[in-house]
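Multiple structures are listed underneath, in structure tokens.
Shared between the two complexes below is chain A, which pairs with chain B and chain C, respectively.
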Partner chain A sequence: MTTETLAPPITVTAPKIKSELMQQRVRAARWFLVPMLLALAVVAGWPLLRSIYFSFTDASLNDLYGAEWVGFGNYLRWQTLDSGVVRYRGLLADPAWWNAVWNTLRFAFVSVSFEAVLGMIVALVLNAEFKGRGIVRAAILIPWAIPTIVSAKMWSWMLNDQFGIINDLGMKLGLLSQKVAWTATPETAMTAVLIVDIWKTTPFMALLILAGLQMVPKDIYEAAELDGVHPVKQFFRITLPLVRPALMVAIIFRLLDALRIFDLIYVLTPNSVATKTMSVLARENLFDFDNFAYGSAMSTMLFLIIALMTILYIWLGKVRFDGGDR
Partner chain B sequence: MASIELRNIRKAFGAVEVIKGVDLEVRKGEFMVFVGPSGCGKSTLLRLISGLEDITSGEMLFDGKVVNALAPSKRGIAMVFQSYALYPHMTVYENMAFGLTLEKGHDKDEIRQRVEKAADMLQIRQYLDRLPKQLSGGQRQRVAIGRAITRDPKVFLFDEPLSNLDAALRVATRIEIAKLHESMDNVTMVYVTHDQVEAMTLADRICVLRDGLIEQVGTPMELYEKPNSVFVAGFIGSPKMNFIGGERAEKFGAHTLGIRGEHITITPDNGLWNGTVIHTENLGADSYVYLEMGTEEPVVVRLDGSNNYKSGEVVHISPMEDKIHRFDAAGKPVR
Partner chain C sequence: MKINKLLVGLLTSVTLVVGSAQAAELSIVSGDTGNGLAFLRSQLDKFEADTGHTVTVVPMPSSTSDQFGQYRLWLAAGNTDIDVYQTDVIWAPQLADQFLDLTEAAKDVVGDHFPSIIESQTVDGKLVALPAFTDAPALFYRTDLLEKYSKPVPTTWAEMEATAKEIMDAERAAGNSEMWGFVFQGNAYEGLTCDALEWVMSNGGGQIIEADGTISINNEQAAAAIDRAAGWIGTISPEGNLAYQEEESRGVWQLGNAVFHRNWPYAYALGNGDDSAVKGKFDVAPLPAGDGEGARSAATLGGWNVAVSKYTPDPEAAIELALFLSSTEVQKERAINQSNLPTIESLYDDADVLAASPFMANWKEIFQNAVPRPSAPTKVKYNEVSSMFWSAVHNTLSGNGTAAENLELLEADLADLKGDAW
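And now, the complex of A and B:
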């Protein structure tokens, strides 16, 4: 023991200077992180924890602070009837919830798939050199720049069954035999929502992919030209592997966004069972139905599902956020 | 093997004409070097030969056949880019084999053989499984050359292949390219550089370009000994040729005299001219003495071995009479 307390050997001096510098840097970094961490804790951490807490209580809007702990009751509880039949209640046994989960997943999968493909096409076009490219690049962002509420309202008028321009055009061109209530009919409601969302977010996707495309050096396409690589092959063998990192990150951004879709559906197809997503259902329970605890349970589940999807995606897609394999 | 013929080739980008009418024949199996200052159009000319740029007017012939509209991949060419242009997501092997796998009629064994043969030639066999980013600049350039060899081209194009390498590597790779040319004597090679040393050491013939026009075509020695203009005289050779004008030139019946540093002797007295030493550079094997004698740029004298002329010392110099180049006011030689 005594030997350890002896003065350190001289050789330590050099690393120590370095480590002092490192310590200083680490300390500075911590200080820079503090404001952001504080803000995050206040606006994200605390509400999240509160929601999770409420989901284990019987809280209602009338009596938030008198809420009592009910454990997992909001998620799943059961009672055995006298007849011996076991009846399950709670979120996990709620068909409305599973309908919302299915709607959300369907919406997320279809919209992100379309947005990825269309975004890639738009990005490829914008990456080509042509006159007025700058203007086109700016113009294509317009759908993304319009607030969702505004574009949802705009589309809801365009899709209106009586006065909507889409029905009008469809009738005049002979594509429709009768006017369709796009947003109100259960069969078309999801399609309507998807169309608007794809219209709105493809530009965002395109821009993220475009950034990736511009990282691809031009000269390797010339090498490919000399190698006689067909343009289609060029895309699949050269362009796609090289923009893959950017594409994967763009998809995950959109996926997170799509899984918590709320505003578009709330405005475009209110109260339609065909389009009701997890967020919409959670809000409905939280505030409209005064099932605050139940709505909190939905919010918590939504959080878990999004987290699960993200982990799955990152794991299966081998996404790397450090610039990929270049 | 292919001969390349350029007939009155012009190339314009919008309103700017970059190549202003070039006639040139590159013979079968020849190593032709395009050399010139930056912006002279040498790289553009190479890209016209490769087919990566369209020809604005004129005719390009490979083996007597017009190839103006032929796709690059069908011209039987391979090109080595300045920036290597390797596919970053493919291994060295895949990079070299990619072109072949897309062509019909090559089975896997044949492709492997050809890639390995090229890799052996360039000593990159041990790197075949690596990605380009795991290689040094010199290794990458060898892979790029290997990729070109694998395609077994009739015409080999080099676009400043050494300019991204450091000095030592540049010399080593230069020698490799020279060896490559010897071992592939049925392949026509066109090489672009702005470095006259590369041009002198590699070329069978050099084509000196200036402002989109050919200034002179000839063997390195022809260009060195019989430059067709002041421009070529100044561009070829190191140190740069000395140009002396004024009365001194008039005595020789010329507007400008051109004398290379190695063709001037310093004499203790009775020299033709005299000048003041302003600087001496000792390079070991030889030394450069810079003299101030009223010319636009100091006159450089190249001497064998090391020398120790002091700054401010006045020395007498004499040019070797038979090595004097005489140019008229238009920069053309007086013969």
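And now, the complex of A and C:
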């Protein structure tokens, strides 16, 4: 309703941007951006372009500079056998790759969903007034503060089938009938990885949501209280819509992180087909095997898939990064 | 802290001044098991005292697959920070271009080592690395338990399985619920390639890829050997064995929770350490044989070497260090403290060595008949070959298809990978 009345002033204010002062500001802003753009180009842009370039060659780690152009051969190539059968080879026809894509997507979806729900609960608790809130807020960040490699190693000992504390507790409390080899059996490997990831990153999610919660004005709740609105309804009608922008941004951070998950899986279940993700597979081909170009093709696809997911998310979720999503 | 920084500062300035004359600052990478790093440090201290060089140890993970990826990356990037690499016996063909030729430097000492080991580290006439110790695995068994149930040391896998099951069941009935029959390296990594190669070879099933490059793995005897191993999981071996590397299996064994254990000789000295529950209660024997045609006891050839990076700023000092680490003196210390097998023939008759590790008297023969992994015929493709092999075996062990099915797929994959030639 207000947009109509607001529209004319906007067209009026537009020429104002061309004022001397504004122009000066824009120029200054551009200069301030230059160092960051340069740094990004050097540490992110150049390596990215190199990877993409290598994915179209037959490069090997022993001979990076003698690489020859092979076009899309690393992605898809085919040959027709004498019998007329067409054999497809390359990344797009590689079952190991699609298994890794599926593992990654499954991991990202499940872990981020759990983290969002748990993070919201933790944030709501931390948002309430209670004694020692400061200490609890600091304490809950500990899992996030521990380096992933350290926490992964710690968990791999805790999940160990013979001397791990998880099995020991489970047996003593009667939750488990026999010791479970969490990281060894294909059925439980993904669950184990998910448990550790959720444990580790829920605090991050909670922190971002908490920041959003604290921006919600208190008087809205007072008004709702006076009108006798049920707390559950308050949550869905007031809290959730108001923290949505913060939540959406938190989820996208986590989604990007989860799609390129590497360290946790590399330490916990490095070679299990049930948990091998795109990053793990790409590293294996890049460095362990003599397939630098093929690994580069995987990295490029990984980049494209993450970009696609992000665009889809922003588009479908109508995310706006200026916080004006209300 | 401050004193440390001062010291470092002083040392750097001293080396900067004197550096050009003599003392060099070297770095060596080593991924080791047990207390291997502490041992290496103690030897390096001697080296430092003798030569005036300083040596920094850069520790790496103990999994050889993990180390390899990192080293390959560093070497491809021409990293000058690391001067000396500790290398696995299988790496020589893959990394030969990146290491210095040690033929000239080692010409006086190569004659002391076993020729087959020197040969394994020679690629196209270039001596890529000097041997530090060799490795051939053993069947560790509990002397007290075998005595208690009056069982002989098993010589075939079937016998091992039966004995393990019987003792495990009896011990569990007696209240020792943690007891298992056999632990080995079942994680999907290079170690499983070693273990499975032994099962296959000992059953007369060939060595995956023969020396002339033919792919031989898809045969009945190989499938039978792997199927037998799959039958151990959940019966005589814990399910978690599917995730064990050397150190995890040693953990179970050294807590006294296994009757049999397959591992490298390094576990011998550690098992007799003061904190070990099996101290004085175990001995080692050659690995059991299979029962097919051509069955024999087979041990995978392991072993570690020292190589000098092509990119080291100080090749002279680095070669000096490599020579030192492969010397008779250090190998003898290694044999006594770490129960690592020497590569120098004369040490097998050394009284001090035999007193510390009596089993070594028999081991000379075992490792001389050891089976090499197919790293020589498959050249730069070895890692991928090994990965395909251990995946096929791991799938079978975790109940994902039978050995026959998985080996058929493996054969097709290997043929694809091979193309016209390795």
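Here, the second predicted complex is superposed on the first by the 302 of 326 C-alpha atoms of A that agree within 3 Å, B and C clash if a C-alpha of one lies under 4 Å from a C-alpha of the other, contacts with A are read in each partner's own complex, and residues count from 1 in each chain.
Just so it is clear, a residue touches a chain if its C-beta (ideal position, glycine included) is under 8 Å from a C-beta of that chain, and two chains touch if they have at least 3 such contacts.
Here the structure is a predicted model, which means the values were calculated and not measured.
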Fit-or-clash call for chain B and chain C when the two complexes are aligned on chain A: fit
Chain B versus chain C as contact partner of A:233, first or second or both or neither: first
Touched partner set for A:271, first chain B, second chain C, both or neither: second
First (chain B), second (chain C), both or neither touched by A:168: neither
Which of chain B and chain C A:241 touches, first, second, both or neither: first
Dominant toucher of chain A (residue count), chain B or chain C: C
Chain B versus chain C as contact partner of A:183, first or second or both or neither: second
Smallest separation of CA atoms, chain C relative to chain B, angstrom: 49
Touching residues on chain A, where the partner in the complex is chain C: 60-62, 64, 160-163, 179-181, 183-186, 269-273, 283-284, 287-291
Residue numbers on chain A that touch chain B, as the complex places them: 217, 219-220, 222-230, 233, 237-238, 241-242, 325-326
Residue numbers on chain C that touch chain A, as the complex places them: 63, 65-66, 68-70, 72-73, 76, 94, 97-98, 178, 186-189, 238-244, 248, 251-252, 255, 257, 380-381, 383-384, 387, 390-391, 394-395, 398, 400
Residues of chain B touching chain A in the complex: 50-52, 71-74, 77-79, 81, 83, 85-89, 98-99, 102-103, 133, 147, 151
